[in-house]
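In the part that follows, the structures are each spelled out as structure tokens.
You will see two complexes here that share chain A, one where it goes with chain B and one where it goes with chain C.
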Partner chain A sequence: MTSRKRNPMADAVSHSTSDGVRAKAYASWRLQQKLAPYFFITPFLILFLLFGIYPIIKSLYLAFHSTNGPRSVVFTGLDNFRFLLNDPDFATALFNTSAFAFFSVFLQLPLALALALLLNSTWLKGRTVFRFIFFAPNLVGQVFAGFLGIVIFTPLYGLFPKFLNMAFGVDPSIKWLGDANFVMPTLVLISLWMYVGYNSIYFLAALQSVDKELHEAAAVDGASGWHQFWHVTVPAIKPVVLIVVIMSTIGSFQLFELPFTLLNGSSGPNKSGLTLVLYLYQSGFETGNLGYASTVGWTLALILMAVSLVQRKLSTSVRGHD
Partner chain B sequence: MALLSGALLLTYPATIIPENRLQVWTFARAHFDAYREAIPGFERDHAGLKVDLQYVHERAVTSRLRAAFASDLPVPDMLEVEIRWAGGFFRGPLSDIGFVDLTRELKKPRPDGPPWFERVVASRFAPYTARRKVNGIEEDHIFGLPHDVHPVLLAYRRDIFEEHGIDVEKLTTWDAFFSEGRKLLKKLNGDGQTKHFLIELNDASSEHFEILLFQRGGALFAPDGTLRMDDETAIQNMLWYVPLVAGHDRVAYSLAWNLEMMGKAQESKLFLAVLMPDWLSGYYQKYAPAAHGKMALMPLPAFTPGGLRTSTRGGSMMGFSKKSKQFDNAWELALKLYYDTDSRIEQFKLLNILPPTRESWKHPALSAANPYFSNQPLGRLYADQAESTPPQYASPYAQIARRKLGEALSESVRYYSTNGVNGFEDYVRHRMKQAGDEVRIQSTLNAYD
Partner chain C sequence: MTDQQTHVSMRIAGAHVGSRQRDLTPGRLLLYMALITLSFFMLAPLFWMVFAAFKTEKDMFAYTFMPYGDARLTAQNFRDLFENFHFGRSLLNSFFLTCTATTVSLLLASLGGFALAKYEFKGKQPLMAVMLATMMIPSSVLLAPSYELLVHLGLMNSYWGILLPGAVGAFGMMLFRQAILSVPDDLIEAARLDGCSEFGIYWNIIMPVVRPMSGAFCLMAFMANWNNFLMPMIVLQSEALFTVPIALSQTIGLVGDNQYGLLMAGTLLGVLPPSILFFILQKEFIAGLTSGAVKG
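Up next, the complex of A and B:
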């Protein structure tokens, strides 16, 4: 075995070299650490800028212009917004959409909560199966529900008019999709079928997280079932209720596919199925007025922001009370 | 992945379609099936050329095309556009229009006969024509090749009319038709529940109203783009139409556009007559087998004795992208699919759609007995009316006009159902003017109209 003599000079150089390498490696590692997050978010950022930010800026630009292809653009200032304020079609679309949102919140959500309470009952057997059955309509999507609706609601021969006729003697020739009085009820009915089960899943999750001891304590104190629901269950699930209300309202204001397929792309008799997004589509892609369509889009965005702000305020005040 | 695909797209902008590939879009399933049969022959004659035929829903064609034109992106070399949407692509200066101007090509003399412009029914160019003033002179520019004529006849239940001894040949005016028809309905329905209607007419959208408006000599727009949907002819049509579909004495009804229900309606003899464009007769043959051999066709009864006996519904054009580098091949293919007699006769046998060129109307296949329509010579009956097919003039606002007309109809129906004839005429006049004004206001919004 041969022993190597250590050379202090070489050691010093080697030390300083390895320190330099280490320092470089450290600096590089620090740089990587700094850059890595940006590198990881780059794909998202590119897509977000391309398909999120750019369209938003472009649509804002279009809202103040009249265009006819990329080479023909005229600045029109606030003309589109002025027109919108006096546009009877926009007013109808806003009314219809608000009506739909109203029914979504005040009809759909109580039913969803009732269904969740039912599914949460200890006496109910096969809850998982029921849960799937009620959730399933949501899986088909609005387009499919629309096409199904056309067949089911066809006067004289459709399943729904036939059922109403047999069960209650209702005139089967009623045009559910061809009479201005019945279009909104039909839309609401189909959306109930699609979303009651879906929303009930949220409520069910909230109900299952309510502390059972609170119910037991209330029962010991002599609280009735109703009192337990009102004073124990409702306060406990309030945050979830508010989230579902906000989501349902925003979803309702974005209603498009269902009336579009159900009414074959039209606004329905006497505009009874015209919603804000449908009007936006008609203005942009049927009339070819992308500037006005952008104005409708921005107005819808502002409405949704206002509604969300109000609901957020309400939610804060509710949390404050809690 | 995002970076890679983004880089790839940037490297190959707009030229991703190979040069030897001709891309064709059609919005009608029936056309797609017919073209698929015809294209292999064309490919054999053009070695190395591949035709990429795609079936795209009519609304998707419209919105994708509009988005592509608006952002200067490439579109297929040639594509079909439905008649209702066509006008929307012809707004603004000629340089802004994304389709090739076909006027010169269509009016050019051909070695095999007169120019195509003279061989096709003139009224069929109207929906695809943009009128522009150049140096103070108005010029028409044609941007679409008409695929069809789509004359409308009246299809009626021959079995029922004959059973009750009604000779439809004598019903040459609408007055005579409704007079006899009301008597027949009374016999069929008795005093109980209404099980039969004389004719299918829609009371909430304008599709059938338009057919009758055109037959009456009315229009949505004049050739120069002026709105006509609220003129006196349209008002008279509304006053005549609404009592047919509303009130206690109504004789008409309609179902939503649904092929399955069309079959059911014929099974239960719901409609004794239907306004039948040639293309719809093909759908009836396929989807309403219950009426096989029981239906027959006749020219539409006229509004006045000796008046027009037909109208039109539907249609499509072939447009050619200005960006395409294969116009010659695309033009040749379009002529084969649209104007080659043999090819169109094959399509006629499949779809009952009358070819738009006069020379093809002499073909014996058009005189062949059609067993579904009581062995009548279906093609001949349509061809006999084709020359009189009324025009539909192009406008970017045609679709809004249709919607507004539908709204006016729907509200007039509601008024008539509640109030009957009391104040009905005043109401219709007011409502039609309102509908027209709404279209006019919309048209002020775009700086290019």
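Up next, the complex of A and C:
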């Protein structure tokens, strides 16, 4: 499209210089222009085919096979999926992961939105400082947050049990990482610490892009704070909220590094820290069944697609009139 | 929206309703206190980690933050890390791998994004459709077959096995495509008429124009690569190749329960590089983080 627009002028240039050498140079210049996009995309394309597309196809193939290490593969049809449906460990992993995702979306995101609304107040001073402080924990990646968690949640002496004991008289000997009832709360707490500020940055950016005049017009019309929030703010930030909800669901369902380092690579007491990706890792790399690992992976992919589809549907039905 | 714009609009909003807008009412005081309390919870673990890294095992839990009296801060944990656990090597490995991976993905994503944004070529539409489709598939699906592929290609226990699979993210390229779409065609045309080569256009026009985006992209890629865990854990087998997260998880973390100081010192050093980078490039980072979400 762009090259056609350019043609007449460039041709005029080449006619005016009847010099053969320059015409040749022009031809090769034209050629590099035509081939350029292929040169630009090829390095990516080769890697993408090899390490992006091929593994996806291969994992579909593997999902219907039983393997023992990378070199022994036997076709087993739907056996992997049949096994998966009756696999208590998969059920545990699915339950734990879903519970974690539930808390991420229904506990953490509302808090992040509340935080963003607070940070968006016009009377607030030091917004940048607060925003930075709330974002800071996110600089600690999940892997490192896990190491930090091991020490901070140490029964009796760790910072967290000590604080809970001092502030609320909670028994400091609770084994946060050694008792099946407390592993999930610990994971939720750490991820709250890590992601509440991170997500509120998205919400804050959305709030700041809401047209101020809309609020002023609503205020002139006598709309209360709550009415303004529901009829002006909510419709305006809805697209961002949807994106954050979907991203946060997808991220939660792929939870792996935090429990892995926090629980020293184990699934925790009574497998209370077993997540889907950890189970995939254990099946593929500890048991050595890459086929079953792929089955778990594709089941996860299907769950994610279904969940984000439902979320999109719900968001259009809720306040779909705007 | 930039901070300046925010300030201006805040001032305008303030002028509209008068000075009451700024008054510290009891309710606002309460909200300030809530924010400050929350800030304390956010920062306490971080400060705790810093102090823990400089405490002996004996003082680790005896003093909540700063040791006092006879106890004092010590750099022994760091000395141990570097002398007995080759942590310097792990840090260098992490820096090398992270910088290489970030540069490679920056080049691939920007070149590809340029091609997708400003050229028509055969197979462009199907390619974009496939790329978008792969973005829906969680990366853990690729784990088993990627491992198998790396074994067959003989890339296990080498950085190639991390760099090559890590370079194919479609997301970054879509980000660059989006940014480059907004570069005016006239600018590119003018350069062509001046006899600029296509690569010259990429290098001298496109890259400078999308520089803020590149900054944000590099930061996000740096943090993702620095914290990269699953693939390195599968690929790397010899300790000499271990990156910081792998070294902490595979060797230092396994030393024993009473080696928390060592673990905290390593964690502190592992958290520091991305944090420093974030301090320097805070604005770009937050702008880059939210640009896609807010515009889209």
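Note that the second predicted complex is superposed on the first by the 278 of 322 C-alpha atoms of A that agree within 3 Å, B and C clash if a C-alpha of one lies under 4 Å from a C-alpha of the other, contacts with A are read in each partner's own complex, and residues count from 1 in each chain.
Assume a contact is a pair of C-beta atoms (placed from the backbone, for glycine too) under 8 Å apart; a residue touches a chain by one contact, two chains touch by 3 or more.
Because the structure is a prediction, the values reported are computed rather than measured.
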item	value
First (chain B), second (chain C), both or neither touched by A:Leu47	both
First, second, both or neither for A:Ser59, with chain B first and chain C second	second
Which of chain B and chain C A:Ser267 touches, first, second, both or neither	first
Contacts of A:Phe182 with chain B and chain C, given as first, second, both or neither	neither
Which of chain B and chain C A:Val140 touches, first, second, both or neither	second
Chain B versus chain C as contact partner of A:Phe100, first or second or both or neither	neither
Partner chain(s) touched by A:Tyr195 [first = chain B, second = chain C, both, neither]	neither
First (chain B), second (chain C), both or neither touched by A:Phe90	neither
Which of chain B and chain C A:Ile150 touches, first, second, both or neither	both
In the superposition, chain B vs chain C on chain A residues touched	C
Set of chain A residues, in rising order, touched by both chain B and chain C	43-44, 47, 50, 70-71, 150-151, 154, 157, 264-265, 281, 284-285, 290-291
Of all residues in chain A, those that touch chain B in their complex	42-44, 46-47, 50, 66-72, 74, 76, 79-80, 83, 88-89, 150-151, 154-157, 173, 175, 177-180, 264-271, 281-282, 284-292
Chain A contact footprint on chain C (complex, rising order)	1, 3, 6, 9-10, 12-14, 16, 21-24, 28, 31, 34-35, 38-39, 41-46, 48-49, 52, 60-61, 64, 107-109, 111-112, 114-116, 118-121, 124, 127, 130-131, 134, 136-149, 151-152, 164-165, 167-168, 170, 173, 185, 188-189, 192-193, 195, 197-199, 202, 223, 226-227, 229-230, 234, 245, 248-249, 253-254, 260, 263-264, 266-267, 270-271, 274-275, 278, 282, 286, 289-290, 293-294, 296
Contact set on chain B toward chain A in their complex	1-3, 6, 59, 62-63, 66-67, 69-72, 85, 88-89, 91-93, 95-96, 98, 194, 202-205, 253-258, 260-261, 264-265, 270, 396-397, 399-400, 403, 406-407, 410-411, 414, 438, 442, 445-448
Touch list for chain A against partner chain C, complex	1-2, 5-6, 9-10, 29, 32-33, 36-41, 43-45, 47-48, 50-56, 58-59, 62, 70-71, 115, 118, 121-123, 128, 130-137, 139-144, 147-148, 150-152, 154, 157-159, 162-163, 193, 197, 201-202, 205-206, 208-209, 212, 216, 239-240, 243-244, 250, 253-254, 256-257, 260-261, 264-265, 276-277, 280-281, 284-285, 290-291, 293-294, 297-298, 300-301, 304-305
